[in-house]
Structures are given as structure tokens and as C-alpha cells.
Amino acid sequence: MIRAAVFGAAGYIGGELLRLLLGHPEVELTAAVSSRFPGKRLDSVHPNLRSATDLTFTTPERADDCDVVFLATPHRSTMDLVRHWADRTDLLIDLSGDFRLRDPDVYRRYYGVPHEAPELLDRFVPGIPELHRDRLRTARLISVPGCMANAAILALHPLAARQLALSPVLLDGRTGSSGSGASAGDSNLHAERSGALRVFAPTTHRHEAEVAQHTGLDARMTATGVEAVRGVQIVCHAEVPEGVEERAVRAAYREAYADEPFVRLVAHKRGTYRYPEPKILLGSNYCDIGHVWDGGARRLVVVAALDNLVKGGAGNAVQCLNVRMDRPESYGLSFPGLHPV
Amino acid sequence: MIRAAVFGAAGYIGGELLRLLLGHPEVELTAAVSSRFPGKRLDSVHPNLRSATDLTFTTPERADDCDVVFLATPHRSTMDLVRHWADRTDLLIDLSGDFRLRDPDVYRRYYGVPHEAPELLDRFVPGIPELHRDRLRTARLISVPGCMANAAILALHPLAARQLALSPVLLDGRTGSSGSGASAGDSNLHAERSGALRVFAPTTHRHEAEVAQHTGLDARMTATGVEAVRGVQIVCHAEVPEGVEERAVRAAYREAYADEPFVRLVAHKRGTYRYPEPKILLGSNYCDIGHVWDGGARRLVVVAALDNLVKGGAGNAVQCLNVRMDRPESYGLSFPGLHPV
Amino acid sequence: MIRAAVFGAAGYIGGELLRLLLGHPEVELTAAVSSRFPGKRLDSVHPNLRSATDLTFTTPERADDCDVVFLATPHRSTMDLVRHWADRTDLLIDLSGDFRLRDPDVYRRYYGVPHEAPELLDRFVPGIPELHRDRLRTARLISVPGCMANAAILALHPLAARQLALSPVLLDGRTGSSGSGASAGDSNLHAERSGALRVFAPTTHRHEAEVAQHTGLDARMTATGVEAVRGVQIVCHAEVPEGVEERAVRAAYREAYADEPFVRLVAHKRGTYRYPEPKILLGSNYCDIGHVWDGGARRLVVVAALDNLVKGGAGNAVQCLNVRMDRPESYGLSFPGLHPV
Amino acid sequence: MIRAAVFGAAGYIGGELLRLLLGHPEVELTAAVSSRFPGKRLDSVHPNLRSATDLTFTTPERADDCDVVFLATPHRSTMDLVRHWADRTDLLIDLSGDFRLRDPDVYRRYYGVPHEAPELLDRFVPGIPELHRDRLRTARLISVPGCMANAAILALHPLAARQLALSPVLLDGRTGSSGSGASAGDSNLHAERSGALRVFAPTTHRHEAEVAQHTGLDARMTATGVEAVRGVQIVCHAEVPEGVEERAVRAAYREAYADEPFVRLVAHKRGTYRYPEPKILLGSNYCDIGHVWDGGARRLVVVAALDNLVKGGAGNAVQCLNVRMDRPESYGLSFPGLHPV
């Protein structure tokens, strides 16, 4: 059994990690660390775990004796934790924003503060199995991408790898309210957030920097909060270089993802669910991707969807764990999603 | 013009008062008092007022020179305000819970604290035009009932007045999230409150005491938060005395409300909207009421619905103002609601 | 492997059966029968199955060679299917309403038509493991209860078994839109059904007959459609016989369900999720039950919640299958639900 | 009084016209024509009109004697109606798609069928008061734009008029379910449409042709159905010509809309509602517009929002009526919207 500890276990990403790890056939959850609720039962905060565990939140010490440390803690405060754990554990998987950007100057630009542990940045392997599976097999420090970033990177990577898209690429990101976390403020009160179509980041959302880093494309993201608790959808608008034909695009996606267990190509001519839609992905680890070719305009529209707490966070982290620990990648991640929902 | 001041103007009931008073043909809004946002524009908090007013929130002094003071402030803190204003204004309309219950012992039982101004309780006229129109015409102090209480009182009053229902009466109250106010806590975060069916008061909700007071019936309320921002629905289950026939019930409702401008009887055999439903009442001052006769069981099911911020609060208060000031009752209250919505 | 066929596989209950059976470690799905979509891929109707299966909908003949037949077909038309299959399969599990009521007269009263196969009624074992586990072990014909009925039966059974509740019992049922099925009409259009609080059955909902049959209590149900796709919640109001004390009630629930894998007792003094709430049960097979004692009034309020398509239908059917086939009861039913959601 | 007839009165746009016309101080509703519900009360279909009118739906003859005919009928079938009425009424206001595009070839391309009354196209004045107020004062035939088109045209017009945006312009349109109409099909069932993020038109949505026609810009629209009944939001991504500075953009918007009664400029640095959001516009006739300057990238993001049934349809039509009949433009359109909602 793999002994696992989760920091930030009372948050939404943390709670999703608890759910997935408790259902994982080869993981033992040894510590769920929360500074806000030490001693309280996990299910007092995450009621879906009511019959799954009798564990209580603990203080950090309990994490000492484990095989993998997950950090689902806020950015900035995570840097200290990483410094502490970097050489004290065989495997650290960070889900915060702190070690996603390789360049500390880019971090400062997007996060507004200087990076306090730049010496560690190079040691992290990006937690994107579809792009870095081999490096993940031996990684000691893994940084899982942001939820919208992951969807956009998976949507654009096949194009970027074969020079099938020109910069700039416009990214229209839509996200549910759970992305704001369990400590969100007044603007996330139900009466305010319900039914929202809230353009909260018309330009320069942090996740665009990750997309640029991983695809080499100049990505420009507009982000809107939509009426949903879970779910992210990204619509990418890309111009195609002259001479490129649709079959090249089609082939790029097919070849990139034919063997991927958690990426599905979804683009249908008929039916209700023709393009990727997050609601049927609730709780699942899939990222669905579909593209539309607008030949006359030499333009591609690519749609990607995922559950921000699963493939956009905790599920992706567990997939990385499985790769790293040489377990079947779908261990603990078999829930397919619901319909209708 | 009637000069009006609103205390608690940054809250949800307060904001609804602002909307209604700004649209009232014979009211001038002279002061919108908020301790949290003095100096800020009203529309910075209530964005629906963007083109309706350039006013800013003020401190209490600005209310001195007005004809009517509305208190949309939290219970307990309202007692001091009432003491201050009771003899300084010709008309005070209180929307808090502090002066709804005539008996200070009942107040203590339901609110958990002693009443601090019991000497003023008798001076208040209940803000229920359908029951107390004549007294309202000369009232100086008016206490508007709670949102669920108002729906239940209007649903049960015709039965109670003619001894057509036996105690106890079960009240199943369902309410949207705006009833928790603009300062609600973590359990009202969108991610927690969305899609809720939250039995937050299985027994002894405060509003049942108001229902008992106004109908003489032993009312027992169970309250559930439902997925909605606005809207209250009450389902009343009452046993009927032996010998009572349906036509007596039907007549009671018809005669009680035939001339009421804001009560509609809604009970249809066919169609999608057969019984009262709050969503088509958003923004309107109607209380819809419908009853179903279960003859075999000598049982009545009565359904009532309203918008908690309008007929359940601010709109009802404006209707009281119109009665008191001898204006047409529908002034400022003509919005009929939307369909679909 | 257990070979399973599903009739009505394009419906919502049918689709949920497909999801659960495809994820069951000892079931092979051999036929998904749909008269509307023969030849189409299952995932063209149920997009959550996209990577789970390449099967297509089939005509009935394909069901001939299987170990268990599930009927998720509309009431009335199911009678013919049952007649056909009753002696042609070792195990038939019916999820329609046709064989839930033992008494054909009660059927006629609640369904408005005469029962056409009354001779088969006695051969069915009710699909309620918590009440009939032993009989289910050898059953050949199983009839799974209605979604609201199951919640209410599980809520009331411990009381009924020990004479801790008096008739009549009021049942307030709330249900999401998926209960209306995949062929629902205009009143289920999103623009009409969204945000609904629709009292669609103020009295005499069909499920109350099942509750009466299984508990011996005179059950009276009022049913309301609420804003949700999945989920059922029942609030039961019961009077308690004189002399009964709360600890007897508490003991009744504890003893009835201590060893039940899919019933949880949920009633907390604090926290956001104090009583059973369906949203955290999406996709799970739990029925959560909590009671509140209103001692002064000798009254109990019992709240039950479940996912209507799982514990209220397909999941309950799979649990019955597991009991009957001597497999662990939780096989295929391990998904715990999500938070937040 | 202006005597008005509405065709297609049982639809969603038609129903909204009824609501607005019944509340208009100088309009008398003389005929509500519906082929589906002749003889039924208007409020049997539109329950929000319950106390507003006792009228019933009529056959077309009743429209003969009126001053204005509104057509809220499906495209294609509207052509015949227009042919019939074009010379029989002083004023015809068409809300269908049939006479929005001046060029019959463009119509054929976007609607897939030839135009059957091309000779009438030139006689229509576009129902956009902000662009064509003077022509509307004397118009006999008015064609109101599509809901998403109107939002996009108002968002882009100030830029287009001063050459402040380059082609192509990307338009990301988001729309609620009421845009699909009261006769929508299975994919609009609540259980399917709820929580949707449905990219139903990744490219070449019909409304983009209207935007191109009115702005001269090459508009490319992607349209997504979102969880809402009412509401449209458009996010426009435009490149700015070299040398253009932000203040020119700011001035363009200010000057274009300073005196417009129903366009508001909304772009704030702080607060929950910083950019246009449809939910606070429910029932109101406002179109809110806000822009964000991304100087480094010479790029503008412009956000527009409106209620698709009001400023995106019926309200806009009533505003045109007011202009044409020389009434104050806000007659019948004074509802400001709600908060919270």
C-alpha cells in the first residue's frame, strides 16, 4: 500500500483527493492535514465521506511517515511547505499554483509577488501525463497544472506539437464556483453567484501563462464564472497556417490521444451532446476534446471540458501518482460520470 | 411627495425597498442608510439600480427630515432604532423580526433573547393589509411580517376566520437563499448552497409563532432551503372539522380575497402552473394561494407562494405605506412577474 | 459472470442500469434493448458511457440468453413483458410500477386502469433488501419500489415495525426532473421546469400506496418538483403514541440500520449538512435518514434522501441482484457521491 | 391609445410582448393570435399575466382593426404573414429572422432556404433605435434584430463607426434556454439542458450575418447554451488598428451612448458586478456594455449583456413602437431588473 498524506484537506481540491484516495485500491490515507479543523472528522466537512472513513483532520506531524505528500494548499503559503518537504519525502505532488511556472519572472507578473523558492522550480516535473509520462515515472516533485490550464493545454498540445496553430490563440474559459475554493468571499454567496455569467478575468488570467509555457503559443485567456459548482470548459480559437488541411488536424488529435486513458475526442454531427460538456464529467477524470474546422476562415474552434476538481486537480494528481508508482493509471479513477445530471 | 428613508439599505430587503421606492410615483427617496458602505453609490451594491439613481449610502442623520422611516435592519439591533424613531417620525415601518410578536415571552422563546423594548410592542400594527387595512390607515408604527409567515397567514386566514381548519396545522416552508441575507456565512457559499434541499429548521421555525398569533391555529413549521435565490412557498396541511364541505372552503377564500389587489387564487385542473409557484412571481407583489380538497380524508392542502423580498418584505411594506398614505395600493408595485424565467 | 439484459435501456433508469452494470465486476451486459434507438450506440443517448462500451441498442431477441432481465420500461406496457419473461428467465427485476402493489384494486385506484396480470402479483418479492433480504436470496421475480416510496419506506419502517408512529403520516416528497423520464413533455422543457417548486401531486401520489403497503401506516403524500435533475427527499411528519420516548425512536433506527450497507443515519446539531440532502448523494446508492424529535408536540419529523435513479431505482435493483446472486452487496455500487456539487 | 395585435402570442417572445403591451400606458392590446391555443385564456399559457388580463387567444381576423401588428412567429412562416400585412397596416414590427438580412443570398446561406419575399427586404427598417432612430420615426415595416445580434451590434457599433476595430472579430455568444422557444425538443428537456455548457453553434451562427451587415466587420460567432432561462451575453474579441489609444475607444462608447435610454456602460475595477451580466437584467430593457483594453496586445475585449426576450426581442420592439409613435421611449419599459436574483 502507498501511504499518502494530504495537506489542505478541508478545501475543495483536498476533499476530492480524500475521496479518490479512500477509493484507491492501493493507497492508504494516513493523514489529512487541516489547520482550520484539527480533530474534527473528515466527514463533518466533506459529507460525502460519511461512511467511507472515520478519520479526523490532523496537524502536520502526522504526515511524517508516508510515501507521498499531496499539497492542496493556497499559493504562496505552499512555498514554505515545499521547502520543508522537498527533501523529506520520496514524492511530493503540489496542486497549488506555486511551482507551475518555470520562470520566476513570469510568476511575479501573474501572481503579483516574487517567488520565494526559485531554486526549486527546475526540480518539478509538470503533472501532465499526456505530455510528460516518462519524466513522471521517476519524478520526486510534481506540479499539477491549473484546472483551466490543463484543459487548454490538452486541447492545444496536438496542434502546437505539429505547428498546426498560429499565435495568438484566444481561450475562452468558463468555470464553476468550486474553483474559488471553500473560503471564497461575498461575491460567491449563493444569492450573488447563482445564475452568474461573470467575466472575472477579461484578460491575463493566470492560467494563460501555463498554456503558453506548455504549448509555446501566445495564449490569451478570458475567464467567465458560470452557473455550476464543478466544471470547466475551454473554447480555443486558433488560426491555422496556410496550407494546413483538416485531415492533418484530425490526425494530430487522433495520434496524440489514441492511447490516452483519460482523453476522449468528442465532436459529433448530431445529438444533444455533440461537443465536450462538463456536466456529464462530474466526478470523472476525463478531459473531453473536440474540434471544428472552419475551412473558409482557416480557423479552428477547439472545445475542451473537464471536472475542475478531478482532471483539473485531484484526479490528475492521482493519475500522476499511478504513473509514478507504476500502478494502472485508472486505479481510483474509474467513475465514468452521470447522465442525466 | 412622500419623503422616505431606508435603514439597512445595503441588505437584500433594503435593496428591494430602494428599487420599489425609486419606482414609486409619489415617493422621494431621501436617505439610504448603511453603516457598512457610507459614501458608496447605491448601485455599487445593488447593480440593478445603475441608471435609476446617483444616490450614495448615508449615515443615519440624513434620515431626520422624512415622512416615513423603513427599518430593514437585523433583529435585536432594530430595537434601539425603533426606540429612537418611535416618537420622532410620523410613520415607521419595521421589516425586522423585533416587533412582530406581541408577547415578549414568545419573542424570548423563539429568538433566544429577552425583548428590550416590550413597552412598544402594543403600539405596532401588523403590516398585513389583507387583515388590518383599517388599522393601517392611521398607524404610526407598522411591523411587517416575516416572508414565510406572511404566505402562511394569508393561506390560513380565511380558514381560521371561519373555523374551517383544526389545530395543529403543519406548514412546510421552502425558501430561496436571499432569505439568509447579504451577510450570510459559509453554508451559503454557492458551492454549498447550490442545488440544496436543506432542512434547516425541522421544527419550531420563528415564523410559526407569527402564524399562530395571527390565525389562532397551532402552527408547526418545517423549513427547507431550496435552489432559488428568491421565492417562498408554503404547503399547509390542515384537518377540516367534521361537517365542513368543500364549497364552504371555496367560499371562504373567494370572499376573503375577491377584492384584494395582491392575492390571487390559483388552483387549476390542467396546465403546467396549476398551483402557486414562486418563480413566476419574481419581483412581483402577488401572493398566490390555492387549495386542494381531500374529501375522503377531511384534509386540506393549501399552497401559497410569493417573492420573499417583495410580498414577503419590501413590497408588502410599500403596500402598507400606500394604505397609510391613502395612495392607490398598487403604486410602485405594478410589475407582474415573468414567464418563462 | 452474470449475463444481464436491460429493457428500456434508452430511458433514464435504463441508462443508470447500464452505467452500474458496466462497472460491476461480475456482470456482463449482454443486451440493451430499446425500441426507439435500435442499432444506435449506447453512448449516443448516454454520453457518460462514451469510453465504457461500444455496444449498441438491440431488439428484444438479444435478451434471450441471459441470467437476469431488468425491465426499466413504462408502466402498463411492462405487464406484457413480465408475462413473456416470467417463466423464461431465472431472474427478472422489474423497475416499473406494475408489480409494486399486491392488490389489483389498489393498482386500479392509483393507476386508473385495471391490472392485466393480477395472477402474477403474488409471485413478486419487493426489491427492498432492508426489509426482505432473505426472501430476495431466492426470488425469481423482484419488483423494485418507486423512488419516493423507497425513501419513505426506509424512513418509516423502523417506526412502523415497533408501533412508534400513528396514522396518518404526512409525506412531503420533493423530486428532481429526471423522475419524469426521458420522454417528458412540454412542462418539462428547461424554460418551464427550471427553478420550479411545482406541487404536481398535492394529494394521492401513487407512491403513497406503496408506503402504506409496506409500513401499514396510512400515508398521505404531497409531491413537489424541485430544481434538480436527480434527487428525492421525503419529509415525514408523524405523531408518536403516548408514552413513547425519544430513546426508543433512536434505538429503532439504530438497530434497524446498523448493519445496512446503504442506509446512513444523518442528524447533526451543527454543520451545513445536518439532515439528509440529495445533492451529496448524486450517483451513490445511499439512502440517508435523520429524525428530529419534537417532544412537546409528541411529533417526529423524519427526513430521507436518495438519488432517484440509484437507490431509488437502478442502484437498488443492482443491490437486489447482488443479494440474489450471493455477491457482496456493494459490488458495482461503491461510488460515494461528491462534495461540493 | 395605440391598438396592437400580436401574432405568435403563445410563444416566449410573444408572451413577453403581451406583458409589455399590457403594461404600456398608451397601448391597448386588441388581439393575441395563436394557432395552437385559440379560445384559451392568455394566462393559461403565460401565468404571469393572471391578474393582468382576461383576454383569450384569437384567430388572425381579430387583428384587422389595429394600429400595429407584431409578428413573433417562426422564420419562414413569417414571410407569408408579412406579405399579407405589408400593405394592410400602418405599422408592422417583425421579430422573426425573415427580414433582418438585406441580401437574399446571405439569407439563403444562413437559413438554408431561399427567401420567398425578396422584394420586401428593402422596405424594412432595422429595429435598432441606437443606430436608426430617425428612420424608425417614419418606418412602416420594422425588423427587430436577433437577441445575440442586437447585443453584438450595440457592442461593436461605436468601434465600427470610427474604425477602431479590425476584422475579423470573434464573438462568443452565451444564451439561456428561452431562446430555443416554447416548442423546443428533447435536447431542451430540463434533465438534459440543466447545467449545460452546450456549444451548439461552434461556427457560423445566423446572428453573425446580422452583425456583419450592421457593423461592416467580419464577425465570427461561437454560440453556447448556458444554465439560464433568460439572458444573453456576448464577449467580443477585437484587434485594434495601430496607433489607436484607449481614450479614443472610451470616447467612442461614451459619445455613442451618452443619451441612450437603454444602453449603459458598465466596466468597474471593483465589486461583484464589474462587467455586464444578464441576470440582473431579467425583465429589463437594458443592454449593458463594457470594454477592457489590453494595450500590450492591441486588443479589446467587449462584453455585452441583455435579456433576450426584452432588449433582445419584445422590449426592443416596444422601444421601436415608442419611437415610431412619438411616445417617450421608456413607456412600458421601466422595470429596472432585480438584485439579488
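All chains are identified by letter, namely A, B, C and D, in their written order; residue positions are counted from 1 within each chain.
Following the convention adopted for this analysis, a contact is a pair of C-beta atoms (placed from the backbone, for glycine too) under 8 Å apart; a residue touches a chain by one contact, two chains touch by 3 or more.
Bear in mind the structure is a predicted one, so any value in this text is a computation, not a measurement.
Undergrad: If you tally the C-beta contacts, which comes out ahead, B-D or C-D?
TA: Spelling it out, more C-beta pairs touch across B-D than across the other pair.
Undergrad: Which chain has its C-alpha centroid farthest away from the centroid of chain D?
TA: The most remote chain is C.
Undergrad: Could you give the separation in Å between the centres of chain C and chain D, each centre being the mean of its C-alpha atoms?
TA: Measuring from centre to centre gives 45 Å for this pair.
Undergrad: Using the average of all C-alpha atoms in each chain as its centre, how far is it in Å between chain A and chain D?
TA: 38
Undergrad: How many angstrom lie between the CA centroids of chain B and chain D, rounded to a whole number?
TA: 35
Undergrad: Going by the touch rule set out above, which residues of chain B reach two or more other chains?
TA: As it turns out, chain B has residues touching two or more other chains at 12, 178, 182, 186, 191-192, 194-195, 229, 272-273, 277, 340-341.
Undergrad: Once bound in the complex, which stretches of chain C touch chain A?
TA: Touching chain A: residues 12, 15, 19, 22-23, 44, 46-52, 178, 182, 229-230, 264, 266, 268, 271-273, 277, 280, 282-284, 286, 288, 334-341 of chain C.
Undergrad: Which of the residues in chain A come into contact with chain B in the complex?
TA: Listed in rising order, the residues of chain A that touch chain B are 12, 176-178, 180, 182, 184, 186, 188-195, 229.
Undergrad: Can you list the chain D residues touching chain A in their complex?
TA: Interface residues on the chain D side: 168, 170, 172, 174, 186-187, 191-192, 194-200, 202-204, 220, 222, 224, 226-228, 231, 233, 235, 237, 272-279, 292, 294, 297, 299, 301, 303, 305, 340-341.
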